[in-house]
Every structure is written in C-alpha cells, then in structure tokens.
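Chain naming follows the written order as A, B, C and D, and within any one chain the residues start at number 1.
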Amino acid sequence: MSDVLRHLGTHYHYVIYIALMLIGLFAVLAKGNLIKKVIGLNVLQTAVFLFYISIGRKADGTAPVLWDQKPETIPYENPVPHVLMLTAIVVGVSITAVALALIIRIKRAYGTMEESEILVLDESDQQGSA
Amino acid sequence: MPSFPPALVLSLGALLIPFLRGPLRKLYLLALPIVSFAALLATPQGSSFDYEAFGHTLTLMQVDKTSLLFGYVFHFAAFVGVLYALHVKDTTQQVSAVIYAGMALGAVFAGDLITFWLFWEGLAFSSVFLILARRQADSNRAAMHYLLVQIVSGLLLLVGIALYMHGHDGATAMARLTPSGSGHSIFNLDWAGPGVWLIFLGLGIKCAWPLLHSWVTVGYPAATATGAVFLSAFTTKCAVYALVRLFPGTEELIWIGVGMAGFPIFYAVIENDLRRVLCYSMINQIGFMVVGVGIGTELALNGAMAHAFCDIIFKGLLFMTMGAVLFRTGRMNGSDLGGLHRTMPWTAAFCAIGAASISAFPLFSAFISKSLIMIAAAREGYHLVWLVLLFAAAGVLEHAGIKIPFFAFFAHDSGLRPKEAPRNMLAAMAISGLACIGLGSFPDLLYRHLPYAIPDYALPYTWPHVIQQTQLLVWSALAVGTLMLLRFYPPELRSVNLDADWWYRKATRAFVAFGQGPLMRIFGWLSKAVHETIPTGLRYFARNPGGAVRLAFDRVALGWAGLFRGMPAVDAAQERLREDQARFAETTPGAAWPISTTVLYTAVVFLVFLLVVLA
Amino acid sequence: MSHPPVPTEPIFNPEDPEVPVPVRGTGDHGTWFTRHVRGIIIGLYVTAFVVLMLDLFYAKHSYFSEEDWFGFYGFYGFVGCVTLVLLAKLLRKAVMRSEDYWDA
Amino acid sequence: MLQHLPVLTIMVPMFAGLLVPLLARVHAGIVRPLTIGALGFSCFAAIHMLLHVQGGHPIEYAMGGWPIPTGIGYRVDGLNAMVLVMIAVIGLLTALWMRRSIEDELPAAARPGYHAVLLLACTGFLGITITADIFNLYVFLEIASITSYVLIAMGRRRQALYAGYSYLIVGSIGATFILLGIGHLYMRTGSLAMADILAQFQANPDLYGMSDVRMAFAFLVVGLAIKMALFPLHGWQPGAYTHAPSASSLFIAATSTKVSAYALYRIVFSVFGTEVLVSGLPPVRDALLAMACAAIVLGPLIAISQGDLKRLLAYSSVGQIGYIVLGLMLLDERGLTGGIIHFWNHAAAKGALFCVAGALVLRTGAARVDDLAGLGRRAPWTASAVTVAGCSMVGVPLTAGFLSKWYLATGALATDRLYVVPVLLASSGLTAVYVWRILQKVWFAPADVEPRVGAEVPWSMRLPTLVLAAACLVFGIAPWSVEFARDAIAALGIAP
C-alpha cells in the first residue's frame, strides 16, 4: 500500500493529467451544450500538454540554454517536449477556432446550441424531405 | 487451324454482337457456335491452355472424353438456342445468352478448380439477364431470387475450393474422373474436409437438390420465351458434369437423386404453369443423373452422362415448344390453353416428339440413356432405388408426356387461334426433334462418345427391355386416361375435350406453397426461415442495430417481469416497451448517433484496450 | 430484400413486350383429333392389352424377383400413376394457397 | 530534382493552397488551373516515386538537411508510394470533377476558399503518408483533420454544420489519444524518428513489457480507430459523408479513412514492429480482429436499408475499412496483399460511386437511391461506371475487389483463422444485396418509371467517374497490382 502511495507521490503528474483527461472527456460526453463540449475538449488537450511538459522535467533542471557551460555539466530540462507542445497548442487553438466558428453557424441555422434539440430538428428535416 | 478455347470464342465473340445490325447480326449469331465447335474439334485431347494469374496456373482447356461429350451437346444447345431466338431483337438477351453458353463451355473444359469457379460465377451472372430481359416487376423479383441463390452457390464453392487448397498444399487440379463403384461416402472421401463439403453443397445448389431447388422453379418460368431454352440447357447440367468429375460413386448422391426423381413429380402434377411443370420435370430427370453419379460404376456414369446429353436436347425441345406457345399466345397456364393443335400443328407435333423422348418410349432418346442408369442400379442391388426410379419413370409420362402436350395443344378448346410458330423456331424445334429420334434409334451415335464401353447386357434394344418399357408407359397412360374417364368426365365421350381439365382449372387462381402435413410443415418452416424470417429479421435489425438490441434486451427482461403482472411499475414498463416497439418501425434507418454516443463507445473501447494491455 | 419472389402465375402482363394480342377463333373447327377421341381411347385400351399379353412371349432377364410376375411393368406403371395423381391431389389440399398468399 | 521530390510533393499543394485565396482576389479564373496544376504535379511526383521505389529502393529525405534522429525525415517505400499515388490521383480527379458540382452546391464567394482547403487537406493526407517521424505524422494528421472538418461543414444543408462539428469533437479526441500515445512512446524511447524507435524495439524486446509502451500502443490504436471509423467508433462518419458537399464526400470517402488505416500499418510495422502484435500484445490483435470482423459484417448490413445513396456508401465504407484492418491483423503475406490491394480497390470503387452520388445530387438535388431508377436508359456511361464499381465492391472476378477478397480469404486460411471465411462470405452476400438494389434501379427500372436523372452529366464529371471505374477493372486484371502489393510487403519487411 505504501508502495503505491509512494509511487503516486513521485508520479503525481500522472494523477493530475489523468484526472484532467477524465474531466474533459466527461464534459464532452455529458454536456449537451456545444460550447461546453468544446471546453471539455480544451481541458482534454490541456491534460496532454501538462503530461508532455512533465515528462521533460528533470530534477533541479535549468532552462536548456547553452551559455558557456558544457551541457554535460549542468542538469537542464528536455526542450523537445516543450517544442512539441508549442505545435500542439497551435493545433489546439485552431481546432477551437474552427469549432467556435461552426457553433456560430449552427446557432444561426438551428437557433439553438443544445445537441438534443439539434438532433430533433435534424430528424424532422429528414422526415420532411423524405 | 490454331485451336482456341471455345469458351473464349463465344464469350469474346458475344461482345461484338452489339456492333452488328440486321441480317449480318443474325448470320454472326449463327456462325459463333459453329466457329466455336470447329475450335473444339481442332483441339487435341488432353491439351491445355495455361494462364498465370494471381499466383496460380489457370488451365482453361482440358479435353477428355467426359468434357468433350458435354462440349458437343452444349454446342448443339447453343446453336439450336440461337436459331430459336433468331427473331429476337433485344441485344441484352443475345449477348448474355451467348456469353452464358460460353461460360458453360468454360466450366466444362476447366482444368482446375479456380478456373471452374470463375466460369461457374460467369454462368450465374450472364444467365440472370435472360430473366431480367422480361422487364417486369415480378420477373425482376424472380431474377433477384435466382441471382442470390446463385451467388450463395458460388461463394460456397469458392470457400470450399480455398479450404481444399489450404488442406492440399495449394493443389487446384480438378480431380480426375475415377469410376470406383459405390460405397464412397462424403464422410470418408480420401480428400475429405470442410472444403469438400462446401464444394458438394455449392454444386448441389446448382444441381437443384431437394430444398435447394427453388431458384429453378422460380427463375426459369419467369424467363423470356427464348431465355428459358438457354437456361434449361446449361446451369444444372454443368453441375451434373462437376458431380461426375468430382464426386463419382459418392453414396449420399444416390439418396439425394432418389429424392429428386421421386418428389418433384407430385408438384408437377398439380402445377398449372406449364413451364414450371417442365422445371419440376427437369429436377426429376436430373435426379436420375445424380443417382447414376452416386452409383458410380462405369455403366452408371455412362448412364448419367448419356442422360444429361439426351435431356439437354429433349428438355430444350419441350421448352422451345412451350416458348412458342408463350410467344404466340402470351399465356402459359394449362387452364388458359388448349386446342392449339388446330393452328399450331407443327409445334404440337414437335411437342409430342419431346414428350415421347422424355417419357423414354422406344426409338426416342431417353429410352437409350435412362435404361443405363436403371440397369446400373439394379446390378448393384439397389432395390428400393430401382423401384422409386421406375415409379418416377412412370410419373414422367404422366406430367411431361401427357400433361404438357395434352393441356397445351389438345384438351378443351380455349378458343385461342394463334399463328404457327415463326420459321426459325420451327427449324430449331425440327433439328432437336430429329436429334431426339436419331439418338433414340441409333444409340451407337451417342454410345461411342461415352467415356466407357457399353456392355452387352446394357444395350437398350432387346425384346424384354422394349416390351417392358412399352408396357410400363402404355399402362401408365391407361391409368391417366382411366382416371379422367372415371372421375372427371361425363358419360358422353364427345365432351372429353371440353371438361377434361376442371381440376387443373381450379388451380388457375392458385399456386403451390408449402403448408400442412408433417412433412410439408417442416418444408414450409425451412422455406419460411430462408425466404422470410431471416431477411425480415436482418432488415429489422439493420434499421437501427443499437435500438434492436436494446428492444430485445428489454423484451427478455420484461418477459421475466411478466411474473409480476399487475404491479403498476411492471405494467407501465410493458406499456413503454410496446410503444418503443411501435415507434421502432418508423426509425430512420441508421439514424445519426449523438456525439455523446460515439464518445461513450470510444471511452468503452479504450477502457477495454487498457485492460487488455495492462492486464 | 423483399419477399420471396415466387411469381404466382406465368408472368402475364399486358405491358409485356412478349405478349401479342391473341386471336380468338369463332366456332369449333373439328379436327382429326376431336373427331377420333373415342377411337383413340379404344386404341389405347387395345394396345395396353396387347403389350400385356406380349409378356407371355419372351424370356425375362430379371434382376429382382418381382420382375418375373406376369405384367409387372404394366401393373407398376398403372398403380404408380394412380397413386401419383391421387397423392398429388392430397398434396394440393396441403399446399395450395390463394394467389396473393406471398403478397399478403 | 528527384532527391527533392518527397518534399515537393507536399509543398507544392500546400503553397498552392495558401496562394489560391490571395490570387483569387486578383483573378478568379486562376483558382481552378492552379489547383489542378498543383495536384497534377503531386500526382506526377507520386507516380514517379512509386516507379522509382519498385524493387526495394526507398527514398530517404531529411528535412532541412538535419540528420535523421534529430531532424524530421521523409521516407518513401513500396507501401506509402502506393498510398501517395492513391491520394494524389483522387485529389486530382476530385479537382477535375468538382467544377459543376460546387457551382451547384456552394455560393460563389466560398469557392476559392474551398479549393484552398481541398489543397491543404491533400497536403495533410500526403504528409501523413510520407513522413517518417511520428510527431510530424500527428501534425499532418491535424492539418488533414481540420481541413476535413471544414470541407464537410460546407455542405448546403444545416445538417452539414452539425456533421462537421460532430466529426470535429470526435476526431479531436482521436487526435488527442494519438498525441498521448506518441508522448508515452517518447517518454520510454526518447525518440520520434520511426526507424530509431523500431531499432530500439528490435534491440530490446523487453520494451514490449513496459506499461508505458503498452499504454502508448493502446492510445495510438484507439486514436487511429476513431480516425478510420472502425466499428464501433464510426459514429461520426455516416453523417459526415452524407451531408458534406459532393466533392468533399468524394475526396474524403476515397482517401481519409484509408490514410488513417495506412498510419496503423505504419505504426505496427515501422514503429513498434510486428512483434508487438505477435508476442507483445496478442490480445490487442484479437480485439482488432473482432472489431474488423464486426465492421465487415455490420457495415454492409446497415447499408442495405439506407434510402440515401451517400449514407449507404458511408456504411459500406465502414465495412470496407474492416477489410483493410483485417488484412493487417492477419500478419500474413497473403492477407496483407489483400489488405493493400484493398486500399486501391476501395479508393477506386468508392470514388466512382461517390462521383455518381454527386452527379445524382447535381441532377435531382438529393442522393436518393430510388432516384437512380432509369439511369441506365438516360446515362449509360454513368450507369456502366456504377455497375463496374458495384461489382468490385461485391468482389466479382476480374475486378480488384475479387483479388483483395481472395487474398484475404487465403491469408485467413493460411493463418488458421477459419472463422474469417464465413465472415467474408456473409459480407460479400450482404454487399451483393445492396449493390444489387442499386443495379436493379439503374438497369431494370420498370418501363413506366420516368427517370428523374435527366441526361448524362457533363464530361468534366463523367471522365473522372469512368477513370475510377476502369481502375477497378485494371487493378483486377493487370498483374502489376499484385506486384505493387508484393513490393509494399517487401518494404514492410515481411518476406514474400
């Protein structure tokens, strides 16, 4: 038991990222409002960012900037995950942008942002056209 | 002359048909089977055309006496069929009929299982157009039924072949013909395995085994007047050929064949559509062949092949005469026809020749072929089989020998005065009629092309055989006549042809379906399951799979809750279930899933993977 | 997939290109056949008797014992056909359905 | 020039995509030639590379000259060269085909943007295929995804907006899973270059036992399963295909899910190594086999009762992707041949059928199956294309569909997975039912039914349809379709 606890203690970043992930998934799953779903998605993505950053961490590491010391002599944070996350954040922002743009159009076309109401309207559209 | 597989001559040649017009096209159509026949004659026995495709060697052409015999008669049928259909203007029918004949030849000369399967599928797809060409809603439905069954047959065969290859290091050669006498069982064939079973079943479908035969009796009567002539010649006989090749001496075939010979004739007696009567009759004749294959001695195999040879010709002739009647009157029901011999005397005469041939009167073709199978069965001591076959032989006279010509051309006067059949039809019928009499009178014409020698004890023209056969047939005819006189006819003989058919007439508004009686009930249940329950169930399920599963679950759950009927909650739940069920019928098929559903499935699938991975 | 497509009747549809308008005759033109029905039937009975009697005049090569009975083939054909027709009538009772059975 | 082809294949459509909206302001007429030119170039380059890599001469390319484990590498071998050609050709044919269709379905102001998004989507798909770096794969995947969301949401009915949004949410979750998978893999191996990671796995098979690696595999597989609409994660797909503009349906249906399936092939073969399925995590293989079999049967089953042609084809795609996954999971030379041939077969057949669905929308305003009645009489060319493509879907001999099913079946037998055979059979039978439903409408409509399709569609639409239909036949007959597949397998490292 104490082993598990210690493990959790040293890997607490796992706990946080999984908790965030579940919160995000829950929002997407359970919230009917389209914007809330997008927010859930953002939380989910944030969990991933956090995870990446945490795996690049090194105890007492400094910024990976090469001044005059040799890289072997000082501990520094792994820069690659940070770089990757820059890209991923850009991607996340673009997705959010597209999603919000779509929501605006959906609100105009359907007059609502509730998924259940949209589905009802879709159903009646189909029966109308059939 | 360089030889070329006849199958390719016909099926590639058929592609040119649409580009020809008028008399040139007719000439070309007639020339195609002749050229193809010449190509066949130019091919020496044993030669093969190999073609490399997807890692296998396809042997397009393997000639031996067995395949050659079928090759000859298929060419005959193709030529006569083309001649018979010469007046048809419909390009679809012409192209598909010629390709169909080509596919049949391809299947017969195929030297390996894959090639055989390819042509087997070709048979299915080219022939369906002969039904579709009718362009009627109900013939389209019949074509759908026909095609589905054919596809199932092809798929079974394909899987069977694949399994067989799997178990035999990729060997694909068609098994050699090995007459071995009876006693082999599909259970202990030396090449047994699931593949063999599937091949057996796939062939069985196209051979119209009992319970697998409906595509014949549904499809052929729905074909065009000329299309049915082609259909009657090729598909089922290809299956017989394949059985001869692959399953000689398999004991199960004897009993299957007995069922085929003995059972459909009952339906033939009460069927009103005369072309469907011919279909039942065809199944009955194939039954004889299947028995022959099952017995599997040299004599029996000879008999099966000889009978197939003769059957193609006389069954074609009968379908041609009925086609002529359909072409001229637009009717095919026994109850609507009658008295046509007044204006269609030639057609009536050819029909009589066909009837005599199928009934196996001496001097007509079935006499010399059916007897081989009967003698083979008797010599091997299959007493019961022999008795049933004899009964079936008598029954053939009743439904094909008397009913067909009698109710179409004689019987009461329907008042129809159609013109005689067109000249090309008459010519085709004349050729087939001559062939029937020629084969029946000079059996050696056929016997010398059979793979094995005919022993003396099996020669047909001996006094005992002639007299016994005549006795059987004449007394069968007497039975039918007497029944008519006793039960159905008023005392004045003059009125015979007025009222002869009242019990057929009752069938005018009726048709055959499986029904009561213990045996009938099982048949009815099977047929319902195949035709109705399964497709309807699939359709119901496919409408909304998730919903269907949920409803089924609810139904089971509430079934248990039914013990507590009367409790308000249970009643309310059952009411809800009823509403759900009612609403289900109006569900939009495959309606869009909400996002949450997909996400939920994602989460579930991911959890499953996670458990799998971390376990 | 729709219902088992068993066409109930031979497909007779006025729209069918294969169906010509039939010409109906007036009055009964007697033919050789219609005039000789009685003769044909008598001929049938006579032939039947003759072929039965022929049984006395040849040596049988039988595989089964019943073949040696006098007139076995004739008897078997007669009984077979009567059975066939009578059983078929029973079968019809069992299997006949009204025409729109499959459409219902 | 040749050594830069890998990057040019991607960059040309990308820059064209960026230029199109700008140049459209100057001269609207430039949009279409520019699009076709850029995609034509990609097409040419892809075919050139395909021919070059035959016989095991892969092309390696290091972006910006950075050495591979550090920098991003591109790599073209027998497998992805085939997929590249597939994407580029479908992209080019879509661009040729879509002129009349988007004039009909999109407002004039949206058309240049549509071209741009299509070019960028093509860039994304090509990039996923060509890259040899898993993070780069993710980036291209997102480029392809975001553009796909837009392509779908531009449909003229409001359902398209919801379909696009729905795909966006579900697709983003899938992409996030993939990103997490990559993260876990990176955490253990410290590398993003596929070859480098594969070398580590081969040097140290114990890695397969590590929970990080296992998590990584689970994340990647589930993420890709969403992207390729593998049953039961296909929920986003029917709506998206149905309501998207016809040109989008054509392009996305013929490429998108298959590119994700390709990514799965790549992940299995070039990142983890096939050992991950054989000895590392065999239950995953079983689970994926089960999902593939379920897809193969249920996809066509649900398709049968559809009234909308596009939705019918969408469900049919659910089944078809099952074949591709099945081929991979058999891990047998024959099964893989079948799966790889199915990439092309499905692209060609489904492409041709979506072309026809688009033509139907152009003529009747909707894609109802019933409206196909009488097509054979009015539009024999289009009707013939439907017939050939339909036969290929069923697997009629002489079409590509037959080859792929044949190889899948023999592969299943060779690996003693007999249950796959009845699954394939049932699926062929069900496919035959819905294809027959279409063909019967097309060719054998009763004579008194007045066809709702007017005349034949213009040649700009007809020609791509015919090319795709002809491709079904050519792949089924020409021996080189199997040879390309064999070469692809050789590139994957499974000895033929």
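The working rule: a residue touches a chain if its C-beta (ideal position, glycine included) is under 8 Å from a C-beta of that chain, and two chains touch if they have at least 3 such contacts.
What you see is a predicted model, and the numbers here were worked out from it, not measured in a lab.
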- Relative to subunit C, the most remote chain by C-alpha centroid is chain A
- The pair out of B-D and A-B sharing more C-beta contacts is B-D
- Query: Distance from the CA centroid of subunit A to that of subunit C, rounded to the nearest Å?
  - Reply: 82
- Note on the structure: Rounded to the nearest Å, the gap separating the Cα centres of subunit A and subunit B is 64
- What is the distance, in whole Å, between the centres of subunit B and subunit D, each centre taken as the mean of its C-alpha atoms? 42
- Sequence positions of subunit B contacting 2 or more other chains: 135-136, 140, 143-144, 148, 538-539, 592, 595, 599
- Task: Note the residues in subunit D that touch 2 or more other chains, in rising order.
- Result: 165, 169, 173, 304, 307, 433, 447
- For subunit A, which residues are shared contacts with two or more other chains? 25, 28, 37, 122
- Note on the structure: Residue set of subunit B touching subunit C in the complex reads 134-136, 138-145, 148, 214, 218, 221-222, 224-225, 265-267, 269-270, 272-276, 326-333, 341-343, 375, 378-379, 383, 386, 390-391, 394-395, 397-398, 410, 413, 415-419, 457, 462-464, 467-481, 483, 485, 493-494, 496-497, 503, 507, 509-517, 520, 527, 531-532, 535, 538-539
- Query: Can you list the residues on subunit A that touch subunit D in the complex?
  - Reply: 25, 28, 34, 37-38, 41, 44-45, 48, 51-52, 55, 80-81, 84, 87-88, 91, 94-95, 98-99, 102-103, 105-106, 109-110, 118, 122, 125, 129-130
- Contact set on subunit D toward subunit A in their complex: 135, 138-139, 142, 146, 149-150, 153, 157-159, 161-162, 164-165, 168-169, 172-173, 175-176, 179-180, 183, 186-187, 192, 307, 366
- Touching residues on subunit A, where the partner in the complex is subunit B: 25, 28-30, 37, 115-116, 119, 122-123, 126-127
- Query: What part of subunit B is in contact with subunit D in the complex they form?
  - Reply: 52-55, 118, 121-122, 125, 132, 135-137, 140, 143-144, 147-148, 151-152, 155-156, 158-159, 162-163, 165-166, 194, 538-539, 541-543, 545, 589-590, 592-593, 595, 597-599, 601-602, 605-606, 608-610, 612-615
